[in-house]
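Shared between the two complexes below is subunit A, which pairs with subunit B and subunit C, respectively.
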Partner chain A sequence: MELRAYIVRRLLLLIPVLFGISLLIFGITMLFSPIERASLYVSDPKQLRDLASIIQTYGLDQPFWSQYGTWLGQVFQGNLGWSKVVSMPVWNAIWNFLPATLELAIFAAPVIIFSGIFLGTKAAAQKDKPLDHATRVGAIIGWSLPNFWLGLILLMVFYGALSGLLPPGRLSIGMDAVVNSAEFARYTHINTLDAILNWRWDVFLDALRHLILPVITLSVTNVAFIMRLMRSSMLESLGKGYVLTARAKGLDEKTVVNKHARRNALIPVITISGYLFAALAGGAVITETIFNYKGIGWWAWQSASRLDIPSVLGFALFSAVLFVLVNLIVDILYTRVDPRVRLGGGIQ
Partner chain B sequence: MTDFKFMMRQLVRNPLSLAGLIIIAIFVIIAIFAPLIAPPPEGHLDPYMIPREGYSPIPQPPSAGHIFGTTEGQYDIFYGVIWGTRSAFQVGLIVIGITLIVGIILGSLAGYFGGAVDEVIMRITDVFLAFPSLILAMAITAALGPSLRSVMIALTLVSWPSYARLIRGDILQVREEDYVEASRGIGASSLRVITRHVLPNAIYPTLIMASLDIGAVVLSAAALSFLGLGSPEGYADWGQMTQFARNWIVGPSGEPLKYWYAVTIPGLFILFFVLGWNLLGDAFRDILDPRLARR
Partner chain C sequence: MEDLVRIRDLSVRFYTYEGVVQAIEHMDLDIRKGETLGIVGETGSGKTMTAMAILRLIPYPGKIESGSIIFTESGLRGEVDLLALSEDRMRSLRGNKMSMVFQEPSAALNPVFTIGDQISEVYLLHRRHELGYRAMQQVEGLLADGKGNPLAGLRRPFWRWQRRLYCKIAQESHPLEPRIVARIPFFNRLLWRLRDEAELLTVNILRDVEIPDPARVAKEYPHELSGGMKQRAVIAMALACSPKLLIADEPTTSLDVTIQAQILELFRRIKVEKGASVLYITHNLGVAAEICDRVAVMYAGRLCEVAGVEEIFSNPLHPYTRALLDAIPKPGKEPQPIPGTLADQFSPPPGCHFHPRCPNAMPICNQEVPELKEVSKDHLVACHLF
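This part shows the complex of A and B:
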């Protein structure tokens, strides 16, 4: 099958999933009574007397499918409701907080992926030796660690005990003033990138300093996953004929591992890395919450803890759609990386 | 049952899984004997509510009366972590139990009947799996109203699809076996074929792996409680106790680690509980994976 046909087929397959996602989100809003949903339109307590007319106006007592249709129409126009927490439309809030989350993902993902690949390769090359056992125990501890607790402990040590060395937040107060001043051009709202474009190394270093602990927190709990996957993929690859051939040719072990075995072992890791990035960009709720790092995850927590349901659901809808789309892109790129992927079906 | 003996021998021989077994055994003992280890004070109505001594927001360090100290709001940390063990087992067992029942029913329907039934059930799992699980769980919990019950409902809703898929896969493998064909041939009903022939041969490995996911469930539940979406204030719950410590991670100047106990102790209980199950899970994965066994 042609690549184009494959992409079209995948896009068509996306429709039922997106339909299901929207139905699930809308279904959750329908858990609330018309009166509860009508009160979301109220900003002044005096208007509470008019709830009945609000229900009438917005058709909140209509049958499920008719309300779903209205709602979906609004969503397609970019209207996801009003976010009480930040006093702006949910859609604007998402765009407002997304750059911070992207910045975190851009820094965390490479750290996680490359250290995972590195450690996984080492562990496989030294199977059943001390290093392999050490990484295995490390991985089990890594995915048993409550990330919210790890974050707090890191703050206790690097912010508390080391007198403010690595603070929470996105920028120090002074630097925040610089970033928001007129002479600092905000091209992307990704602080480190804007700092480079404005040639402000002090801002860059300050932003970096605030990123270290969140990146560590995300890494410790996620590296384990990539590492174990890389290890098993490597072990499979090392057992293949071409590795035997390479060894028989008399190549040294380093070349065999790095050139022949690893390249083939990387393929499943690339896919998972795509998912990882999608998950990070969709909001690292807990990490952002602990470090008071104001990205969409932080905003989602603020909304959830104040029961601002439209914001929470808007956020969930956004991250699911993002997740699905990124997965699609990864799958399409995948066909470029691995010629063995038959475009018509699954992986052989 | 020789399989069972074989598995137990493997588990005890491997130092990692042995450590896991010991950790879980300790937690089971703590949960069973909670009323003896941390007896509720006289006239205390609900033993799961941590007794408090006063309302001062400042955590108090370990002392004779409170061997692990107190949190903000003067909840006794020792009492909280001991009874929190019971809450953890409750949440873990209930969520995994219901998840498995739903997963087995839907997974075996999809796998056994195939066709339209399969298609519909699998598309539903696609939808649930399209969400990052913690985000969906957070949205559901917030919508249902924060409570431990909402947390359990949310975690069940986000975790059944992966089990349904695993069980469907297992059943697809077994479905074509001769003994299933034979049973169908002598006119057994679908229900009988599924429950007597397909399920017993298909799902034991999945069941074992699933039951070891208790650790992961408890970790997610603790995260939701930490975000303030779980148990009511003062309930013996590790996640909430960590949340209590959030404002106290940095002490006054000169004593930055003054309140270390408030954050460290509840977190260590979560860590070891989850670690115990994951250590066992890791060993089981090796035992159950025939590809690894041959290698």
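This part shows the complex of A and C:
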């Protein structure tokens, strides 16, 4: 199937998916009574007397379908509502917080994916040898460490005990001023990239310094997952006939493992890596909150904890779109890795 | 006739959790130059392990316990003991002087590389000097032709550099500069002529195994070919460097009968044209009769009988060989299945492993292991009857 036709077909599939997700999430918010939802708009206790009129104005007592229809009509006009916690429209909030999260994902995902693939390959090639056992123990520890606990410990050591070596946040206060000044052009709002484009290495290093701890926190837990998957996939691949053929050709062990076995073993890992990237780019909620790293995840946590319904709805829709798009990219990548896969055709 | 491979006292054991398996016990076997030797036996009798031992590719947890495998190389090097060689030397023999064709062609080919890539790999590995020399000549031709051509002047430095790289590849065994260049993206394109030369050889060898339209097939992936074509491609891969010894492990078992006949015909032709010795592993006596010069019969890790193909069919001596021949369905005669089952691999019966199923068993059979004796010229039997 032609690539363009395939992409269009997959994007059309996005419509029912988004419809279902919006219905689900909107339905959950309807579990709150109209009074509860009306009181969320109230900031001054004196206004509590006006709840009835708020319910009237916003139609909160209307039947589900009518409220859902109104909301959907607004969404189609590009109006996702008002995010109370950051005092800006939800749409703007997404665009405002996305670069920070993307920056974190761009730094964390390659670390996780490549080290996972590397360690998994090594562990499989040296099955039941000390390295394999070491990675297994490491994986169990990494996988079972809670994110928030590890994040806090890292902050205590590298920020507390080592007197502010690796601070939380996105930028130091001085650098924040530089970034927000007029002569610093913000092309992408991804600090490290903008710093390079502006040729400001001090900003770049400062941004990098703030990224180290969140990246480590995300890596320790997620590397284990990719690594174990890669190991089992690799072991399966190493038992296949083509590996024996490759050895019988006279190839050295390195080529056999890294070329013949790994290329086949990568196929399931690509799927999971895609989801991992989508999950990271959709906001690493706990990690961003722990490190006060103001990205989508931080915003989602703030909104959820303060019952900011429009923000939560917007966040959910954004995550859904992201997952579907990443899934599409992964499927296209498949055809590059495995010649047997045809777009829209399945495996031969 | 001279021997190509001389296996002496070879023992292979597998150390599994359930116990130790004697896959091969004290085997003595010769493969002569230019002959097709068939190894016949039931599943689990150690046929494939014999082949794997020659290539030194016994899978974990198997181990070659003792013995020697003398391989006679051409040239001045003479005889080498494969079991005493370093892994590096062994690798330079695998796929080069000795190669293997596997039972299941769709499993033996890597699904993510083209047929051409997989065969070229053999040339790039074992024929590097030759490819480097050919590529160098190509570049020299370009340099000579380009004289006086102003357009060629721009590309001249690249050609010079290419010539130097190819010259190093052709002469040195581990050239540093080409290896570094090959690892740098973009710069590694300088070595494309090497790949090109390998591709030419690949198309030639594919044509040799009677694949129609070899240039197209070389660009295809394994799943795009039929079973017979895949097996031909695997055979081409094994033949790429004109090996002295070609090991075929049941190469026709997974194929249709018509394709089977074609592949057997191909093996026969290869043996005559390339002068290679073929070690043909099969459980099918009919196939062995069709293609082999000599046949070795194996039972539970030991050789029972080794003889010329006509001799073994007209005058089988070992009771197991006779039983095998009686088990073949023939017109007008009921096939006689061999009573009992294959010996337990963890604790085989003492003495001759076949004695519990043997119609001629004697008291000595469960006490002493019979030696492989030459009863008549080129006819060896391991049985107390002789």
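FYI, the second predicted complex is superposed on the first by the 298 of 348 C-alpha atoms of A that agree within 3 Å, B and C clash if a C-alpha of one lies under 4 Å from a C-alpha of the other, contacts with A are read in each partner's own complex, and residues count from 1 in each chain.
The rule is simple: a residue touches a chain if its C-beta (ideal position, glycine included) is under 8 Å from a C-beta of that chain, and two chains touch if they have at least 3 such contacts.
Quick caveat, the model's predicted, so the values are computed rather than measured.
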Could you say whether A:98 touches subunit B, subunit C, both of them, or neither, answering first, second, both or neither? neither
By residue count, is subunit A touched more by subunit B or by subunit C? B
Subunit B versus subunit C as contact partner of A:195, first or second or both or neither: neither
On the A-aligned overlay, A:305 touches which partner chain: subunit B = first, subunit C = second, or both, or neither? first
For A:263, decide between first (touching subunit B), second (touching subunit C), both and neither. second
Just subunit B (first), just subunit C (second), both, or neither: which does A:124 touch? neither
Touch check for A:246: first (subunit B), second (subunit C), both, or neither? second
Contact residues of subunit A, present in both the subunit B and the subunit C interface: none
Residue numbers on subunit B that touch subunit A, as the complex places them: 16, 123-124, 126-128, 130-132, 134-136, 138-146, 215, 219, 222-223, 226-229, 239, 242, 245-246, 249-251, 256-257, 260, 263-264, 266-267, 270-271, 274-275, 278-279, 282, 295
In the complex formed with subunit A, which residues of subunit C make contact? 55, 57, 91-96, 99-100, 102, 104, 107-113, 121-122, 125-126, 221, 223, 234, 237
Considering the complex alone, what residue numbers of subunit A touch subunit B? 16-17, 20-21, 23-25, 28-29, 31-32, 136-137, 140-141, 143-149, 152-153, 155-156, 159-161, 163, 235, 239, 279, 282-283, 285-286, 289-290, 300-301, 303-305, 307, 309, 312-313, 315-316, 319-320, 323-324
Touching subunit C in the complex, subunit A uses residues 240-242, 244-252, 260, 263-264, 337-340, 348
